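Below are two complexes that have chain A in common, paired first with chain B and then with chain C.
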Partner chain A sequence: MTKYVMKRLIIGLIAVVLSVAINFVLIRVAPGDPITIMAGMDNPNQEMIDHLISKYGLDKPILTQFGIYLSNIARGDFGYSYRNNQPVMGLIGQRLFPTFLMTFSAAILALVIGSALGLAAARTRDSRMDRFFSSISYIFDAMPGFWLALMLILLFASRLKWFPTMGMINMRAGYTGWAHVLDVLYHLALPVICLVLLNVPRYFRITRAAVLQVMSEDYITLFRASGMNEKQIFRKFVLKNALLPTVTIFGLSLAGCFMGASLIEIVFAWPGMGRLLLDAITKRDYSVLSGVYFIFSMMLVSATILVDVVCAALDPRIRLE
Partner chain B sequence: MALLDIRNVNIVYKMEGHDILACDDVNITMETQDSLGIVGESGSGKSTLAMGILGLLPTNITSIAGEIIFKGTNLIGLSREDYAKLRWKELSAVFQKSMNSLSPVHKVGKQMAAIYRVHMPSASDSECRKMGYNLFEKVGLSSRVYDAYPHELSGGMAQRVAIALSLMFHPALVILDEATTALDVITEGQILRELVTLQEKEKMASIVITHNVSVVATTCKKVVVMYAGRIVESGWTDQVLVTPKHPYTQGLLKSFPAFHGERQSLRGIPGSLPDLSMRIPGCVFAPRCPHAVDRCHKERPSDILLGEHWRVACFLVEGDEKQ
Partner chain C sequence: MKKKSALSFQKAWSIFPLRLGIIFLAILIILAIIGPTFQPYDPWVLNDQILAPPGKEHLLGTDQYGRDLLSRILNGTRTSLIVGFIAAGISALIGTMVGAVSGYFGGKFDQILTFIINIFDMTPTFFLILIVIALFGGSIINMMVVIGLTTWTSNARLMRTQAVSLKQRNFVKGAQTIGKGKWQILFKHVLPNGIYPIIVNTTMNISGAILTEAGLAFLGLGDRNIISWGQIISEGRSFISNGWWVSTFPGLATVFCVWTFFLLGDGLNRLLTPKLQKLQ
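Up next, the complex of A and B:
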């Protein structure tokens, strides 16, 4: 088991370094550069351009830039955002929590609701409930997220006025303490509902398929023939076998939690990572981009390792290497 | 009193729009310690019959009629609770594909203990372990299998575990449904020989379901040949498999190579199983039968008795007619 985990940690580290290198190159190869944006369109002054270039180290060879960047990252310094005039680390820090709050609560809810529905549907296969949820799951799975978000806002925020249309807090009220928590929850509801609706179908279908597959295995027939009652078979043997695919999907979507859901965040004006990323892309904010991508690759790698370890704990066949 | 008396059993799969008659008027009698082989090609209804005896047919898509009298109790229509009391203690099974007959994510011993506790709810861990070791000894497995995961076993070992499981409560009847089909011929031969010895030692009866005639020849005293849901011929193995009377049995035997005697080319049976959703008025084998006459297509043949136990459902066989 130690060898199993070590192997994954090393591969993970290599993956992170590679992704940092690829991001670094891709961002610089992409058209557009920050200097023209900073210097302004109207009256570009050559002196100012030269000054900016040397200030941000863009006059150095690209390999040297990469070396400086790597050593900075190693020291925990992700550079300075020219757009926001503050360190990248601080920017990401501010955005990480709102994003995580929204996506993580949505992921947990989607997991619980989706798997519960999937289990229920599998146990009453071909019942009216099973057919209803199976068909509706395709509709929500195929629905574009931003469109659903807009529709939810139109219906529940604009028309019914049950929820706020945007943001994470009521800026004017300036609540503190519990009032602040409630205010955040109130703003959180609609984006979370939107994400849950979009993600439930995945868990529903994976769980349903896994349970049906396990139920048709020979060992389940054997347990039935032995006189074991259905409840016990289900709890003791079906669940653990059917759990594996759901664990994998959930683990990977956990990584997605940190990346945020850019389009949903934009539609709901949620101050999260996804919006930070899109802003950074349009404004060619290199250091923010690299920082965000670094965090993403770290999270993805950690989540993958976590999934591997949990799956190995659940399934002895995976431990075998 | 017979151990198992199957009388006029019909099993129907209810599909959308049409019913498929998987077992059509099946009659089988078994005495205590009998060994009976059921042979037939895929789709002949042999596994369905086994599931019917075990009460494991999916109730929403099948219906079963007739009587299956096991030790004096009719299993058809028996309540779930009463059935559960018989299961594994009196009536156990070894299923197809032994590699899949254990959950891959639980240790062998844990699963054995779970089955043991179905009927011995208060058994302690050490009692379960002792029971497991005893069973493993009977089938020639080392005790370390108890703490192994199923994927750590070879095919033959998994098969032995499945057989050990079926012996747990010294049942009166064990049903082996294609139990050795997935094994290589050498392991299969070994396990079949061991089964015969075990059966005598444990004083149990067995039903061996297979498409392999040679398996029946080595393990069973009696044989039932099924085709398209009907029994076409039944009797002592050394009579039916040596001098088969029914054209289907003859065809089935010609589809296997013989070790001794003249070198013959192997022949299959031309054609395929009839559509079982249609009612067949005559003999089910008539469309594929090389000897079929007009009557075979129109009238259902009744059993012809040749001696005490030998029955053949064919118009072309001479003998005493009996319903």
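Up next, the complex of A and C:
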């Protein structure tokens, strides 16, 4: 087990270093010179140029440059956003909480709703409900997330006025205490509904497939043949085995959800990573872009390793391979 | 031979999602080919009726510059299909070749490939694409190439598994015994017999590529010289309260198009891997 974990950790570490390397190479092969790209503006002044050259060793050989770049990142220095006059790490740090709040609430709700629907659909296989959810799940998968967000705003915020159209708090009211919490929840509702709608299909399908898979196993047939109560079989044997894949993909989906949330945050003007990303794109603030990319890589790597380790802990076949 | 293909077409037609997918795809392709000839207006020409609601003159209304929305959406069909097919095609081509060679020959190359696939699994692909496009510019060619180059690993993994298992089969071993060359066996026996999962996966990749292009266009990284659905949705965002139609219709078109490829993928999966049918 320890050997397996170590192996996964090393691969993860290499993946992170590789994503840094990709970033490093891209800046250098892209049109325009690295200094203007890192400065994030067309005409950086002489002091800024000198500072960047000395900080990143741009006058040194390329491998030394990579070493410097890597050690900066290892120390948590993702560069400086001259556009915002702030270090990139600080900019990202401010945005993490709103994004986490939105993603976690949506992911947990999607997990619960999706697997409940999946269970119900698998139990009443080929019923009208099963068919309905199975076919509608593909339609939600086919939707661009940002478009669904726009449609929800159009319907529930613009027309029906049930929810606010944008933001995280009501700026004018300036609530404090519980009123503030309620205000945030009120603003959170629509973006979370959007993310839940987009993520439920995945849990639905995985749970449904897992239940059907377990129900087709020989030992279930044996229980049936022995005259055991159908409900009892389901609760005692099918459920436990079928929920395993759902729970283990939760980690990966969470990372995916986190990234997918970016575009939705933009539509809802939610003050999270997505907003930061859009600003960085429109202002060509490359250091922020690469910082965001790095954070997402880190997150995906940790989620993957965590899932692998959990799977290996639960299933000895994986770790002995 | 002819009879066999007729039979398999009949079988394909009997699978409902596949039938629906084929019909929808035919509609999309026809629209992409003849749409621009039959468009009611020039999609680039501005006119005075700004944000006109859907009506007799403009069937789906006009956008903020008074351009006819229906004509723009028709032109967007072509963009989406081209991006989807070419990006997924690049991905399938690289993935199949790399996966087949790696699975069939094994050895060092195989180890390196497995390692690369593991690494790619941990890469946030959409953001990698985003960064490349932000640095190199979002021309439609760049976009297709970058999407293709970042998604081939799923195909390589599938093809590798196929090649590893086909290698053990008697007909491949037989070909080896009678002295057929390794590459000949690879192209004549391994590739044609192992290609089915790649076909299914490629239809899914087409959907993915279309959604990726839409997402990039929404972030303002799209090709400005080309009309794309994502771009129209993105432009309509500012007018959502007084011109709902601008964002709504191109979005519906995207859903329809992506869903078509899901149907095709699902249907092909049932057609090509009959064992799975029992489970689904």
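The definition used in the following text is that the second predicted complex is superposed on the first by the 261 of 321 C-alpha atoms of A that agree within 3 Å, B and C clash if a C-alpha of one lies under 4 Å from a C-alpha of the other, contacts with A are read in each partner's own complex, and residues count from 1 in each chain.
In this section, a residue touches a chain if its C-beta (ideal position, glycine included) is under 8 Å from a C-beta of that chain, and two chains touch if they have at least 3 such contacts.
Model, not experiment: these values are computed from the prediction.
Peer 1: Have a look at where A:F250 lands relative to chain B and chain C in the superposition and call it first, second, both or neither.
Peer 2: So A:F250 meets neither chain B nor chain C here.
Peer 1: So in the superposed three-chain picture, is A:Y138 touching just chain B, just chain C, both, or none of them (first/second/both/neither)?
Peer 2: So A:Y138 only meets chain C here.
Peer 1: Taking the superposition as given, does A:Y219 touch the first partner, chain B, the second, chain C, both, or neither?
Peer 2: The first partner, chain B, only.
Peer 1: After the superposition on A, what does A:F156 contact: first (chain B), second (chain C), both or neither?
Peer 2: neither
Peer 1: After lining up the shared chain so the two structures overlap, which partner does A:D315 touch, if you call chain B first and chain C second: first, second, both or neither?
Peer 2: first
Peer 1: Thinking of the overlay built on chain A, is A:M228 touched by chain B (first), by chain C (second), by both, or by neither?
Peer 2: In the superposition, A:M228 contacts chain B only.
Peer 1: Is A:I11 contacted by the first partner chain B, the second partner chain C, both or neither?
Peer 2: In the superposition, A:I11 contacts chain C only.
Peer 1: In the overlaid three-chain picture, which partner chain does A:W270 touch, first (chain B) or second (chain C), both, or neither?
Peer 2: A:W270 sits against neither chain B nor chain C.
Peer 1: Under the stated touch criterion, name the partner, chain B or chain C, that contacts more residues in chain A.
Peer 2: Looking at chain B versus chain C, the one contacting more residues of chain A is C.
Peer 1: Once the complexes are superposed, what residues of chain A are shared between the chain B interface and the chain C interface?
Peer 2: Comparing the two interfaces on chain A, one with chain B and one with chain C, no residues are shared.
Peer 1: Considering the complex alone, what residue numbers of chain C touch chain A?
Peer 2: Touch residues, chain C against chain A: 115, 118-119, 121-124, 126-128, 130-132, 134-137, 207, 211, 214-215, 218-221, 230, 233, 236-237, 240-241, 244, 247-248, 251, 254-256, 258-259, 262-263, 266, 278-280.
Peer 1: Can you tell me which positions in chain A touch chain B when the two form their complex?
Peer 2: Those in contact with chain B are residues 217-219, 221-229, 232, 236-237, 240-241, 314-317, 320.
Peer 1: Taking the touch rule as given, give the residues of chain B at its contact with chain A in the complex, in rising order.
Peer 2: 54, 56, 83-89, 92-93, 95-97, 100-106, 111, 114-115, 118-119, 149, 151, 162, 165
Peer 1: Once bound in the complex, which stretches of chain A touch chain C?
Peer 2: These residues of chain A touch chain C: 11-12, 14-15, 18-19, 22-23, 26-27, 30-31, 37, 138-139, 141-147, 150-151, 153-154, 158, 209, 212-213, 216, 259, 263, 266-267, 277-278, 281-282, 284, 286, 289-290, 292-293, 296-297, 299-301, 304.
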